[in-house]
Amino acid sequence: MCMHKIKSKYNIFKQRAHIIIYGTSTKAGRYFDLILLGLILLSVLLVMMETVTEFDLKYHDELVLLEWIITGFFTIEYFLRIISINRPWKYIFSFYGNIDLLAILPMYLSFFFIGTSILSVVRSLRLLRLFKILNHPQFTSQSVQLKKAINASRGKIVVFIYFVLIITIIIGALMYVVEGKQSGFTSIPASIYWTIVTLTTVGYGDISPVTPLGQFIASFVMILGYGIIAVPTGIVTAEIAKTVQNLSHHSQTPCKDCGSEDYPNNANFCPNCGNSF
Amino acid sequence: MCMHKIKSKYNIFKQRAHIIIYGTSTKAGRYFDLILLGLILLSVLLVMMETVTEFDLKYHDELVLLEWIITGFFTIEYFLRIISINRPWKYIFSFYGNIDLLAILPMYLSFFFIGTSILSVVRSLRLLRLFKILNHPQFTSQSVQLKKAINASRGKIVVFIYFVLIITIIIGALMYVVEGKQSGFTSIPASIYWTIVTLTTVGYGDISPVTPLGQFIASFVMILGYGIIAVPTGIVTAEIAKTVQNLSHHSQTPCKDCGSEDYPNNANFCPNCGNSF
Amino acid sequence: MCMHKIKSKYNIFKQRAHIIIYGTSTKAGRYFDLILLGLILLSVLLVMMETVTEFDLKYHDELVLLEWIITGFFTIEYFLRIISINRPWKYIFSFYGNIDLLAILPMYLSFFFIGTSILSVVRSLRLLRLFKILNHPQFTSQSVQLKKAINASRGKIVVFIYFVLIITIIIGALMYVVEGKQSGFTSIPASIYWTIVTLTTVGYGDISPVTPLGQFIASFVMILGYGIIAVPTGIVTAEIAKTVQNLSHHSQTPCKDCGSEDYPNNANFCPNCGNSF
Amino acid sequence: MCMHKIKSKYNIFKQRAHIIIYGTSTKAGRYFDLILLGLILLSVLLVMMETVTEFDLKYHDELVLLEWIITGFFTIEYFLRIISINRPWKYIFSFYGNIDLLAILPMYLSFFFIGTSILSVVRSLRLLRLFKILNHPQFTSQSVQLKKAINASRGKIVVFIYFVLIITIIIGALMYVVEGKQSGFTSIPASIYWTIVTLTTVGYGDISPVTPLGQFIASFVMILGYGIIAVPTGIVTAEIAKTVQNLSHHSQTPCKDCGSEDYPNNANFCPNCGNSF
């Protein structure tokens, strides 16, 4: 009887935890999400701070304390997620399950091994959970539109990058021969790195051509990059323009018979139900 | 009687000041605006000149004199603005009211404190008043169109920047681990700074990867940036294209017979019903 | 009688010179244009070569000789242009007339003054004549389209650059205060220069922020520049897209009655003559 | 009789070789293509590795051995291509025929001459064969669309680059005069190189203006570059948008009754005449 009561209470606890952790429809669920996001941001901020030497020297103990508190919270969250779900293994081996484990593991490993604290950098991967916020209603339509446009342009962009990579290797090899080792083009991979730096118009200047011929070829590569940068932009723009226009199609008055809003501007009949306008 | 006369004169003065300062419909009002804009530009130019050491050494006294003259004018303008408006507090606590005060305060504070002259840099904020010129008729339609397009694309751009920032932090953390302190990636914030410099294709070269793996990841980031730059461009372009097309559509009066608005600008007959224009 | 003959011959000579120099319809006129373009390119190439120290040391005499030959030809061309035109003063004071004179003057001045040879650099302005080649039939339609699109977008781009310049000054003043003299931000003009270098994603790296706050603001400026670069692209793209689409309008079968090709795709009547399709 | 048999066998061998090497319809032909692509990639990788000094010192012998194996394979492939084709000379003097020969020649020349191994870099040109992969069905439609859009925009882009080059030379000459030799602008060609580096927003920083006037002109060039980069993007985008729109238009079968093609993809009735699909 008593055992039964505990089990029943545990089940209620599990259900509540499930609603709070996985759900977004209740107030508690939404608050949990917000707090989690805040803690993720805080933990990433802590990791950042620790890498700043001056800051770390001053506030090392405070940083470590805060890290342990956050790690504690994340550990509890991790086990609650496992407990409150029906198929725990599915979560554990899922993408986010792995990240959640990786985010807490380094702190505990630092007991046994020295220098693993740098691994706490992987905690920044938990930031990917922030993408889930994009599923909230006020962002959905915007991010769905963007996703659609990007997906539609993926094929063309793959072809384009394929083309760019081949060009990059050939130009890299050419510049290696022309410029040689004395001016930073120490190897073909370094030359290819330079070509990418130039073609994408980043232009660090850590490697730059010094011979007249090298500078001439570099000028050519830059003008090429100038023209080439137009291509991905053109692809994505065309797709977004299509999405935006399709959307403005939908701002029409719906058909009185079937409610369809997807018809050309000058339609005489509804293309869905054949109703005459 | 005399008092009444003075008050009446004062009221007329207030009215005139209001028309000149706040109005743009009278000739005096427009001249005032132009003179004010000129003085703002001049004052900003003065502040600039003072920061150029060689110039300041030569013409220090002249610069200071001119600054006092302009500050005097701005002070008078500030009090006239307060006097001539019905609800002075609303102006004083408004955005432009604060800026107008901040633009004159530093000069007077320099009596009491040394080194506040650098604060006169805030005077450059008065340049924001120059945006008001965009409300002049010859610019209105252009800036309204731009504003519309930018507002329409704001939602998507927020989602996009959110996405870029998360990616930036993760890549920054990764590069910190890969490159380490010896090659400029001294902390995660510095690494994130480098990632932004690279993703936006600015590429200062003050920090640049030296390890082969770091250069490989950097190449990947650059090509990513190449693709990513296409997205905001695509968003804004699509919206501007819509505005431009809507404009060229709706600027026509619809046909009186059938209401069609879809005809060339120089049409003599409605292409839909054949009605003569 | 003899005088008359000479004058008549001179008139014929003037007419021929006019046809050859100003005309493009005859074979000789087109050949003259081509030879002139070739000589302009050659003269610019010579000026370039002279500035390359190693090259100048080796071939100084040959370069000078060639320059004199070309200057001779340009001088003859200049006087022929004056002689063969009806209103010579109009040419002399025209834009191209001034450039043509400036292109030959430095060589003659080098007799009297030393060091004016550097002025022969102005000869490169004659390159502007190369734009006339764009009026040749095979380029006309392309350059007309481009000009149309660029003209249509000029208004918006002026508003945009106005906005960018104000932002640039404010950010420049801010960075001057934040970074200070020790990290390259020696004056507000230098700071503004840095802001433009960053906003336009050029990023030389000759000046770059070193303080954390400066780097944070710089990151913000870069992301702003990322968004801002989308605007002019969007403006121009929208206008070019409109031009291209208008053009594809014209690929319709012309109206049988009036030959007009400018009507909506779904027109029932010709908007020009009212003819029923 | 025996001779006849051998010749017959040889002919069968030739036919098979032709099908495998030049064909893509049989399984063997497709495998051959894949293996060839793999070997080309491997050979390019080997050449790259050899130029990395640390790697070459460690694994020199292994790299050379592998190179010989691949050169052997390429040699066999080269002769099979000659043997199995009907008009061998056409292949030998074709573009790919030349590249195939150039890819194997350097290794054999290294017997007689020292230092020719660097020429094995030309092997990277064989990467161009990778473009053939773009003819495979899954890429065809994407690359055809891209090619169409790029071809259509070629005319405008040529006009644009022509314009940019003239501007570049004039600005280069101007900056040479303004900045002079002491700040990196050693000659007009170097100045032009700097102008291209700046206009394309690459911005190495190996040459950068130091005089205030030079920095002012540079700022102007950058803002010009900002506006100019919009033009090729606009051209390509407009063409891609047209291709994308045409595609989504013409991929529909016209209505059997009225021939209208302007209806949503999932239409049940023609929006023009009400005909049921």
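For reference, chains read A, B, C and D in written order, and residue numbers begin at 1 within each chain.
The criterion applied here is as follows: contacts are C-beta pairs under 8 Å (C-beta built on N, C-alpha and C of every residue); 3 or more make two chains touch, one makes a residue touch a chain.
Model, not experiment: these values are computed from the prediction.
Between chain C and chain D, two chains of identical sequence, the interface residue sets overlap only in part, with shared numbers making up under half of the total.
Pairs A-D and A-B differ in how many C-beta pairs touch across them, and the larger number is found at A-D. Each chain gets a centre from the mean of its Cα atoms; for chain B and chain C, those two points are 30 Å apart.
The mean-CA centres of chain A and chain B are about 31 angstrom from one another, to the nearest whole unit. Those residues of chain C in touch with two or more other chains are numbered 189, 192, 201-205, 229, 233, 235, 237-239, 241, 266.
For chain A in complex with chain B, the touching residues are 44, 47-48, 51-53, 118, 121, 124-125, 127-128, 130-131, 134, 139, 142-143, 145-146, 149-150, 157, 161, 164, 189-190, 192-193, 196-197, 200-206, 229, 232-233, 235-241, 243-245, 248, 265-266. Within the complex formed with chain C, the residues of chain D that make contact are 155-156, 158-160, 162-163, 166, 169-170, 173-174, 176-177, 186-189, 192, 198, 201-205, 208, 212, 215-216, 218-219, 222-223, 225-227, 229-231, 233-235, 237-239, 241-242, 262. Every residue of chain C that touches chain A in the complex is listed here, in rising order: 201-205, 233, 237, 266.
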